[in-house]
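Got some structures for you, see below.
Here come two complexes built around chain A, the first alongside chain B, the second alongside chain C.
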Partner chain A sequence: MLILKLGWKNIWRSPIRSGVVIGAVLIGTWAGIFILAFSNGMTKQYIKDQLDTYVGHIQIHDPKYLQENLPQYSISQPDSLIQQLKSYPFITNIAAHSEVQGLAMSSANTFGVSIIGIDTTEEKKVSTVYTDIKKGNYLKNDVRNPVIIGQKLADKLDLRLHSKLILNFQDIHNEISAGAFRVVGIFSTNNSTFDEQNIFVQKDDLDRLLGQPGLVDELVLRVDNIKQAPNYAKRLQKKYPDLTVQSWGDIAPELRYADASMDYTMYIFMGVLILALTLGIINTMLMAVMERTKELGMLMAVGMNRSRVFSMILIETFYLIFVAVPIGLLLAWGTVAVTAHTGIDVSAFSKGLAAYGLSTVIHPELSGIYYLNISIMMGIAAILAAIYPAWKALNLKPVEAIRKL
Partner chain B sequence: MAVIETNNLKKIYNDDTVPVHALNDVDLHIEKGEFTAIVGPSGSGKTTLLNIIGGLDEPTSGEVKVNGTDLFSLSESELINYRLHHIGFVFQAYNLIPVLTAMENVSFILQLQGRSSKECKQRSMELLQEVGLKDRLNNRPNELSGGQQQRVAVARALAPYPDFILADEPTANLDSVSSGNLLDMMANLNEKENMTFIFSTHDQRVIDRARRVVTLVDGKINKDEKRDV
Partner chain C sequence: MFFLKLAWRNIWRNKRRTLITTFSIVLAVVLASFTRSMQIGTYDQMIQNSAGIFTGYLQVHQKGYWDKPTIDNSFAYTDSLIKKIASVNHVTDVVPRLQSYALAAGQKKSRAAMIIGFDTKAEQSLSDPQKNLIDGTYISSDSARSVLITEGLANYLNLAVGDSLVLLGQGYHGMSAADVYPIQGIVKYGIQEMNRAMVFLPIDEAQVFFGTYGRLTAAAVTLDDAHAVNDVQKTIQSQLNGPYEVMTWRQLMPELVQAIEADSGSGMIILLVLYIVVGFGIMGTILMMTAERQYELGVMVSIGTSRFRLGSMLLLELIFLALLGIILGCMGSLPLVWYFHLNPIHFSGDAAAAMRQYGMEPILPFSTDPTIILGQAMIILGLTAVVSFYPMYHAHKLNPIKAMRG
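Now for the complex of A and B:
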């Protein structure tokens, strides 16, 4: 009790100095956690957007298709496979694609694209591109050979709604095939690279031009629990060894890396921030110890043992940190809660963000375990910050400290 | 048995460069209830002697016994504990803890000893009353005069029921009135409680009140005079 009371009174000897340190720790905690939540939210959103736009949770291909990327290496008996897949309770939605690499040609320009044939009804259940249509419609059948293209591609090819677009590619017989398509919709997702490189047509139209109706090069699946997607993919792979079944982490390793590295990145960031705060606290506590050389000498002279002196310095350091940390955590939690709901509009940076597939409205998010772990990190920092000043205090010789007796 | 006994006490500083013989074969026996002044010119070894008797500094050779205990046979933690329970200190610069009140400054020593809050509070109040500060219990050092602070320091020194009190130049920072009052109080305590006081001092007023005056010159006892006061 004595040490607790004395420690508390000691930190308020210099209210401005202690106030500055407490303020720094508070703001550091608040800002640090908010930045973590922002980064975490941005990453989670990026992953979700990519999965929702084109990756899905699981994809199934013929193994040769993944090597050669040619439409003739399609999935055999796709209808039967789809029926079997529908019997799995964890698979919520399935969409079939035919796909070919080709050239998109307008009167202004030519550009290499992936041409994806979709069934709009099924596609809406695995992809959110239909929600990103900014102009026109989502492949309605009121024109012949409708196509939807990304805004970036439209800009490159100088195309507008109802413009004509020639698609040129190799069919399944390795013959050059071409088709004239009409732009019925222009979409703009959070990923401008995706918008530039992918176009969508009616599956029937593409299959006809490829030379094989009912062609399926790719099945995109959504499952009930994305965290279990790798396990589900393994299970399906065992069942269908002649096909390649991949979860989203295998299809887009950069997403898996972003997800996996987020934890480490966040803790490293927080660790660096806490280190900076710790150095400030060490400086403050050193000053406090040096200023009190005589008093510490007196305390040791009259009978305060070294462990009590050490405890007193440690407790003072803890007070500095733990007055600030709970308030910082609370402010951070509140800020994250509010901005998670409202989102933070960063559309001023939309061009740069879109190039990386990032949304312009970020919803920060951070799970409760991080708050606990950061509190523990601050506690460890407090101990480390106290060690050097306490060691300085312990090495005082009472007779020298109070020689000014 | 003497309360304090030093035998062949030597203290040499800088013995590997230019040695300074601060104390040179000092034999001193102080009995219970003595009111002793250690006097001498600057550099004579007064403070060094008090520091060694108080266990704050270690002699180069010789022994110091307090109530029969060889101080420097104790480990560091035992020595700290011994000081806490057996020795009271009054410093020239008072050395009160500025963030604590007068009452808290006195009671914290008792809390270090592990006494109950009730006992700490009761004894602190009694001592502060005895030194004439019953109306200043809740004042911090910066709200007290120099004389009052030194009285708090004396109360603090008395708090842990010490065997003796060491006071190094206790009146050096006080005016004459405060010095006189302080000395009266300490002399009163000496008579009433038979408390042993050992001063190091230049102050003639202290010397005049001392019943024993030990004069140090160049680290040696030059004169040891017992007087009726």
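Now for the complex of A and C:
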């Protein structure tokens, strides 16, 4: 008890030294967590944008369609399936596509694309492409065979609004089929590869050319909780063993990569930061022990035993860290909460972000588990940082210590 | 001069103190270099994955090709042109290509594929179909009438080595281009986009197929030093007087540049936090170092040493320590970074699976560019310099009586 009190008094006896250690730990915790939340928010936003644009949360295909990629391997009896799916409370929206790989030909050039037939009212509920129309309009019925294409493809094929575009592909009987389409809209999403490789037409137009009205090759679902998508997909897979149900991570591995690797690099960075903090504390405390040689020697000379000296230094370091860490955590939590609400506009720093498909307003977010993990990492670092200087203090010889200047 | 000597002696008088302060600076340099090398290494891997495997660090096209990439915008393939490019300093190889899209068909199915008219020898320094061959044999003659196709296309079209591949496309100035070729080999690339649908057709035969006799759409250039890319671009541009455009990978792959820039922004913030933390570490040791020497400084002031000189002496000591720390830090960082360059950190679990699926090796690569370490060392030196003004301030404010009594 005496030791606890003594340690507490000691740390306030030298406020500058304590201030430096507390400041380092506090800022390290605060800034470290904030950066984690910032990067996490940025990645989550990126993934969400991509899912909203084209991936959806869950996709359902015929297993053969995924292998062969031909429109005839369609989902059988799609209407009753859609009715059944609608009864699941976690599925919020469903859109049906017919899809075929083909050639888009203009007078200037030819390019391989995925031609996707959509129902405009349903599609708007699962994909935000309609908000990315930069010229013209979304698909409408006022012209015959309308098509919307990405800006990048428009550049490659030298197409403008109202230009004619020939689409060439194989129908469900493997016969070559072709149709003339009119460009009614040009979109530009935050994924230029997507803009280059996908074009959208009315489902009825495409189904007619493919040779089967009501053809459904792909169902795109949105669910109430993205995190639960893999579990929902598993449940649906069990219910429909003849179909392949995939969640977004399987459909777009690059997004799962972005998600998983962010975590990994962030923990490595936190490790480096905590290492820097720990060694910084050890250095400062070692110096402090040296500075207090005379004092410690005196204490030992008047009969304080070694284990008490050891505990005293140990407790001092603990105090410093345990004053700083909770304040740091609290500040970090507060900053994250505030900026998550207001968002941080980084457009001034990075023009690249917007073009890369990242939002320029970032909303940091971090789940509780990170706070816990960081607290544990900090706790272990604190123990390590406390032991070494305390052990060094033990090696002082009382007589020599007092004799020194 | 006298104070220089005194400062030097002071450093070695208490070796442990010197050791601890130096260590805090060494640590700062090593950790900052480690973090930055990891960041730059990741970017290098991204660049290498695209520029070094397919695109090349530079490409020469007919002027206007990039805006409108059709074979009509091709240029005449002459030996003197290639020689001119190859003679530029840092250029290791010039890879001629005739590239366009066509419909590739097997027995039942067809798919739009990228047709690459390739030089069987030169291509080995870029996409290297020979090394990536998983079935069949490599094509040895530029005029051979056979093709290599990627695994993705072979699976999709249900074709194997020895089968025939039908190509149907648009040739020079709207001519139709159609032919049948036997498949001589199948190549596989880790990067899925590359593996999806590519057909390698020997260049002379590709020129026959598209009707572009003696023409190329691009000459891809590989370099021995990726940093020299802008100089090489200028040199090539000035040497080729004619309607050519010379583009670097930065212009050819703006998405990649944007991805790097986007990441680099958060990378800088991360470093900034690290600087603050190591700065506090250095500050702590310097603070304690001054506190420990209260008595000694008090004596010096009382026997008449000017405070300014005392402060300068302390500053000199710290400059010595900083330089020592920086040099040791650089010496320590280099082997550390090299170690992680040779034995990179491996991702595990979900991240590794996702990376493999994405066609990337699941590792965290490190850059060994020594300028990174030097740059970080300079920043830490600056940081130490700022912190070093504290002892000067302390010497200025010191009350000798109090100092000696303590």
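The definition used in the following text is that the second predicted complex is superposed on the first by the 305 of 405 C-alpha atoms of A that agree within 3 Å, B and C clash if a C-alpha of one lies under 4 Å from a C-alpha of the other, contacts with A are read in each partner's own complex, and residues count from 1 in each chain.
Just so it is clear, a residue touches a chain if its C-beta (ideal position, glycine included) is under 8 Å from a C-beta of that chain, and two chains touch if they have at least 3 such contacts.
Note that the structure is a prediction, hence the values are computed from the model and not measured.
*Asks:* Check whether A:Leu6 is in contact with chain B, with chain C, with both or with neither, and answer first, second, both or neither.
*Replies:* Only chain B is touched by A:Leu6; chain C is not.
*Asks:* With the two structures laid over each other on chain A, which partner does A:Val302 touch: chain B (first), chain C (second), both, or neither?
*Replies:* first
*Asks:* Spot which of chain B and chain C makes contact with more residues of chain A, would you?
*Replies:* C
*Asks:* A:Val399 contacts which: chain B (first), chain C (second), both, neither?
*Replies:* So A:Val399 only meets chain B here.
*Asks:* Between chain B and chain C, whom does A:Leu384 touch in the aligned arrangement: first, second, both, or neither?
*Replies:* neither
*Asks:* Can you list the residues of chain A that touch chain B in one structure and chain C in the other?
*Replies:* Common to the two interfaces on chain A: residues 405.
*Asks:* Could you please specify the touching residues of chain C with respect to chain A in the complex?
*Replies:* Listed in rising order, the residues are 16-17, 20-21, 23-24, 27-28, 31, 34-35, 38, 67-70, 101-103, 108-113, 156, 169-170, 193, 197, 254-255, 257-262, 265-266, 269-270, 273-274, 276-278, 280-285, 287-289, 291-292, 295-296, 345, 347, 349-351, 354-355, 357-358, 360, 364.
*Asks:* Under the definition above, what is the set of chain A residues touching chain C in their complex?
*Replies:* 14, 16-17, 20-21, 23-24, 27-28, 31-32, 35, 38-39, 42, 68-70, 101-103, 105, 108-113, 155-156, 158, 168, 170, 174, 192-193, 249, 253-254, 256-257, 259-261, 263-265, 268-269, 272-273, 275-277, 279-281, 283-284, 286-288, 290-291, 346, 349-353, 355-356, 358, 405
*Asks:* Residue numbers of chain B touching chain A in their complex, please.
*Replies:* That would be residues 47, 51, 54, 56-57, 76-77, 80-81, 83-85, 89, 91-93, 95, 97-100, 108-109, 111-113, 156, 160, 168-169 of chain B.
*Asks:* Hey, which residues of chain A end up touching chain B in the complex?
*Replies:* For this pair, the touching residues of chain A are 1-2, 6, 9-10, 12-13, 294-295, 298-306, 308, 398-399, 402, 404-405.
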